[in-house]
């Protein structure tokens, strides 16, 4: 097991790399081998560059999270498109402070990214103490509701995925 | 070409194009920087996404096998685009750019 | 299409030349970059224009001329190296002459 | 039908570009311009992909992927320049 | 051979004195050593001289540069012998004299070395049998005289005098060179023997006037003929032995020697008469008149020298054989009396510490013996009977009376001659009276003066004795030498003449008497004349000359400054203008542009994109003062160009262009931290209009040419690449195969360029002091968050992903778009992103920070791959490839081109990181300075 | 397979890379590496010279791809001569730098080697685009070298030099593009053959391309109106670099001659741009005279002497086409070496004078200036073209082969201007002094380097005949382009 961690410090990353390689090069035996070699070597080589990356502890939850985000993206896109094309006076943008429960940097960054990816919200800043995320909403009717929705839809799953 | 596939590809491509345009309309039209920042997200997500789906379908059909490497474009874009947006938001807050009238909340001092 | 490309080349070269004639290092860098864009496209165009006829063996019935492309690749790399050098030289000049005039003239219009 | 759809999509994306350039020109702030440029980059991914479908060639895929992968570095660099001046510190 | 050796002897000897000086401080030994060389040369000449007296002409030839017809050809005829004797004999005496003249502090070794150099050069001039060789020695006399005149270089006068002499004589030398080359053209040879035999050919040539003018320019500058005489008095700044040597027997005599030497080839025409006689007469009169008014002893002698040289020149100009004989005779006489006079003047200078005749008076009392010598020599100069000067002057008077070339105005010549005689007597009288009598000395630096050391007088004694001997017994002393010399000068039969003291009462004698008494009368009126002279505006040739030279320098500076004005803008404008001129002059040869040619169909997207590219380019240009905006629109241009490459089937180019764009943006942002973000309007509107016009012409020209080529049809060599790419290069991506194989050498050079640029940048950045901006462009302090969490966290896992893509792009490059260059750029961008996100310190704690070895390894790998093919007997960079089959993996290709491409990859990574990381580190220095 | 031809490119490249690999700054090792490389280059150049002297033109097909498809290196008498000249110049220049100048900035030795790689490559290549690449190699290295050391003047001059050459490179690419677009080839020999067949629009385009090439080469060679960058850049550069740069202008001249001899000495394009070159060269010569007279620093003066030599050479080429080339090449050898030596000497003088350096104004006396003054005197004689040194031989040879009054007058006046300026400079530097200088005394290595270069002038005088025959043989070989075409293209020519 120790050896396994020495060879594959980040199995999930290796998996992603291997999969990416297969996507790029095509699913052949030769590329499977080559991809595997790269999937081992690249994380090893770049290991010093990313210390303290949390392990994925709940893979199914991750897949669910991805599905939710993708769904939200589609829905939000449509609603934001309507706002963008409609009268601008009705838009009520606002900065909303989101208290963070996540403690891990990587998880926070993922949350911030997710928020930015869903149309209508952009994560603008993280407080120096990592306790608060500043979110800019394109049309914020109710700041508290927005915070609650984000926490429920994104932060909690992330917490589960990375921190148990 | 199978008409269903053709129809799907066409639809995806159009959806992609429309969302790319809508995003850019937002960029051009919205009143302050912070709201404009929301425009490109559409281009990033559904705009590129639509075309990627079209490409996936098209080439999988053409080559009679699953062609998924286009997914990587979306993957990369999903990783990188939020970083751009985040950094730009910080830049805007640093510059204390004007906010639209009626904006709630305050940007943070950088 | 040829007409469009010719127009592009002309505009790039003209803009580049104009900027090369300015008095500060910055526009000169911009100008040389534009000029090298123009020149690269020019060199590229010398092989004639073809659409979707990539010069890969067996992929195109009437492939485009690969040689100018190879030349442009070399030119891009060299152009990048030269631009980088010039940019750093501009910094050196700023550092030693305390302004960014190409002739190192002292001035009052520095940093705003 | 596909031909028409592709042409329409190309036209839409090009139009999007024009709007991006418009924003880049009028600004008014530097972040606005960078944002416009960033959007242009992203739109060009879409454009390249659609063009690839149109000419039925996968040879342009890498160009699109490259933009997706490293295009944002320019934006980050400018944004960092705006906030910190010093992009590598 | 013997002859060549004699000429070379002084040159060889020139190295001796400085060596001797280093070994021993004994000045006598040094002088004797130096004197030994001319003495030896004289001895060696003894036997040849006998042959010459017997009517032979000796030749000696060594080949040197046959293709230029320049050989080491020497000849010894009467004229050459005469001059050789003068050069060596007087040279010998001067060396002995200098032994006592130079003070112990002086670097005598160097002095003798210069003197011997000069002697050799002079000897070469007089014995050359090849005109080009003559020019060589001629210029050598100018150069060595420069050293001699400038021997006391710490004195302003010596410096300026030396330079003036060299400039004037050097100019003459160049004219002479041109003249000689033209003679060579006409005659077909530079051999003096042939040239002298081709007089009619030369005189008949249409080049004759030009040749004559050029040669005379050489001769006149050298022998200080009017109007080139002005350098000579200023050459008196030299130590007196030098003056004695240069202005009696050698330097200035080279000019008249040339007249004598080329007499058969050039003389005999009206043109010759007009120019030479006129110059001679003017010089004679001017020199004689001015000599009287000199208060400096050597100044007087200098002007008298000018005057006597005028006399000799005048004689040559008369186109009469007898006159030429008289000229040769006067050359001899002038050499002896003038050398002794200079030496006497040197003794006086040496003993009194001054040369000012207004202070030196009544020396008769203090140094009677020297006075006698000086007085005899002066008398010879004045043309007093029983002394040598009288004989030649008598001949001169006779010849001026004989000449009828001026027709009705012929009386002008004897009149001028007599007038010259009058002044000659007057200044000679002054030399005697003013120095040795005329009351008591006034305020001498050295008082009381006394006789010089015994041996310092010996050379003067010898020369004065010669003056007397020739004057009294011409027939047994000088006649033989004169005869052979004159024969050689005339190049044929000698005319009837006889040297005698008494020719009976005749017109020349009357003229002599008029000169004698007139001169004494003029001298008696000296006070009035001096007053008159003093009232004339002073014309100091040195000042004028120096002024002219300085004016020339200033003018040159001004012209240079106007062109080479330190303005890059104007330099670039010159270059662009040249291109514009080429385009404008050639364009009208092109056919009228027609759009009715086969073109790819346009579409709306393309038109719109073109419009945007054009707009972005204009924006970059127009907004260049708003720098960040300019950069943004430049990026748009770059993006559009990449898409253009996509559109026209060049995916490799698009990939490269896109990745270079990103790196360039990083570079620009790094730089902008230290550069101003805005500039004021600086260019005047005229300048802007000019630049716009230039830009339009060049842009339009290039566009038209591009259009013509694109729509033309040229068969190129590229089909070969398509055909051989797979079979010969092992790859299907022809562009890549060209890069790594067909034209791999270009790529090798290209990565070298990249590597060198990185090294150069590193060198430029090393300890560069740059103040960074403490506030942003709006005057606010910078944001505090140096490493934003989201950026840091996301960019780290991006690194392995990017590397994966780099590997992918790299591996497919040979067969599909991609390759080492793009892969390298992706890798660098991913790494630089780490710098941007996490900072230099963070990155360098995880990775070595010196990229020099990476660059080196990259280029080395590429190079070694190339060298590897030698093992198989193929030229550099010959690629080879093979297909390998492995279980599971299947068949894949192994190619040396991959290795080469790896070199490219490494170089690119190393270079870009070397550039960007070090640029990024720049601000650390500034931070440290802040802290300190 | 004879691989020696590529050695002049690979030796410095290898040395340069090894120098980069030495991570720690071990100066002694670096110097030895650099000097060894230069020595090896000299030996190789001699060997190649001997080989070329057989009269056969050797072609080296890189990658084993035959011309016109691959890149070839071509060794004929001309390239061999230039290689030798470079090596002879480079060694003393580097030796001089090894006295301490090399430590005044980073990467000096590597840049020096790469500069040589570029120059040698430019002399050897038989491919137009490859010529561009080597031009860039030598340029980028020269940028680094020109800026080696410190000081605002150097930076300013360097900036001008860099920008002008970047514009020049762009022009070069346009010209190359046009050449490819009209003739469809990049190989020089193939180009020469194909160019002859062009008519109509293509012919005009080619004409423009070649005129642009002249501009590019003229910029490198420093021809009016493209020489303005040179005086400041050369006078500002470190001595050893300036000395090495003496060859750089000759690279431009070389390229001009090479292309001219191959494609434009004969045929439908004969004499293309010839009269323009002639007039520009004469103006260059005249302005160089003026520059020499007006120079306020010795370094600037010597720089203008370099410009003067360019004017002299190009005019000879333009007047007599290849007829006058033999003498011109002799003059080229002479002027390159002497100007190189003069740059080194200038530095020694400047060191000896301390503060005032090489300014032509009153200054302290140089400690033990005797030796320097002798060297200066000799160098001045040589460079001005006074007998008995090589300048005179070169000048006489040129005057005889270019019988044009304007040329004669200018060349002679140039000699006079040089004489006036150098005598003034020399008397100011060595005679017009106040007190003893506190400057530095030259090291033995300094003097060896200077002597190496200056002694060549008398040697070139003594052996003027064989040298002239040699350069004439070079010209003769160039006059017969068919030899070259046949060697490169084989039976197709």
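Lettered A, B, C, D, E and F in written order, each chain numbered from 1.
Please note the rule applied: a contact is a pair of C-beta atoms (placed from the backbone, for glycine too) under 8 Å apart; a residue touches a chain by one contact, two chains touch by 3 or more.
Computed from a predicted model, the values in this text were never measured in an experiment.
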item: Set of chains whose contacts include both subunit C and subunit B; value: D, E
item: Chain labels contacting subunit A and also subunit F; value: E
item: Remotest chain, subunit B as reference, centres from CA atoms; value: E
item: Between D-E and C-D, the pair joined by more C-beta contacts; value: D-E
item: Central chain of the complex, centres being mean CA coordinates; value: F
item: Of all other chains, the one whose Cα centre sits farthest from subunit F; value: A
item: Distance from the mean Cα position of subunit E to that of subunit C, given in whole angstrom; value: 41
item: Gap in Å, rounded to a whole number, between the CA centres of subunit F and subunit C; value: 28
item: Cα-centroid distance, subunit D relative to subunit F, in whole angstrom; value: 48
item: Separation of subunit B from subunit D, taking each centre as the mean of its C-alpha atoms, in whole Å; value: 10
item: For subunit C, residues contacting two or more additional chains; value: 20, 25, 28, 38, 40, 42, 45-47, 51-52, 54, 56, 59, 67, 71, 74, 78, 81-82, 85, 89-90, 92, 102-103
item: Shared-contact residues (touching 2 or more other chains) in subunit D; value: 10-11, 17, 30, 34, 36, 59, 65, 69, 71, 76, 78, 80, 82-83
item: Per-residue overlap in subunit A, given as positions that touch at least 2 other chains; value: 20, 24, 112-113, 123, 125
item: Pairwise chain contacts, counting only pairs that touch as defined; value: A-B, A-E, B-D, B-E, C-D, C-E, C-F, D-E, E-F
item: Complex contact set, residues of subunit D against subunit B; value: 1-2, 4-6, 8-13, 15-17, 19-20, 22-23, 29-32, 34-36, 38-39, 42-43, 45-46, 49-50, 52-53, 56, 58, 61, 64-65, 68-69, 71-72, 75-76, 78-80, 82-83
item: Sites on subunit E touched by subunit D in the complex; value: 604-605, 608-609, 612, 615-616, 619, 628-629, 632-633, 635-636, 639, 642-643, 646-647, 651, 654-655, 658-659, 661-662, 665-666, 669-670, 672-673, 772-773, 776, 782-783, 785-786, 791, 798, 801-802, 805, 809, 816-818, 822, 826, 829-830, 832-833, 835-837, 839-840, 916-917, 919-921, 923-924
item: List of subunit B residues in touch with subunit E within their complex; value: 76, 79-80, 82-83, 86-87, 90, 94-96, 110
item: Contact set on subunit D toward subunit E in their complex; value: 10-11, 14, 17-18, 21, 24-25, 27, 30, 33-34, 36-37, 40-41, 44, 47-48, 51, 59-60, 62-63, 65-67, 69-71, 73-74, 76-78, 80-89
item: Interface residues, subunit E side, partner subunit A - complex; value: 784-785, 788-790, 792-794, 796-797, 799-801, 803-805, 807-808, 834, 846-847, 886, 888-890, 892
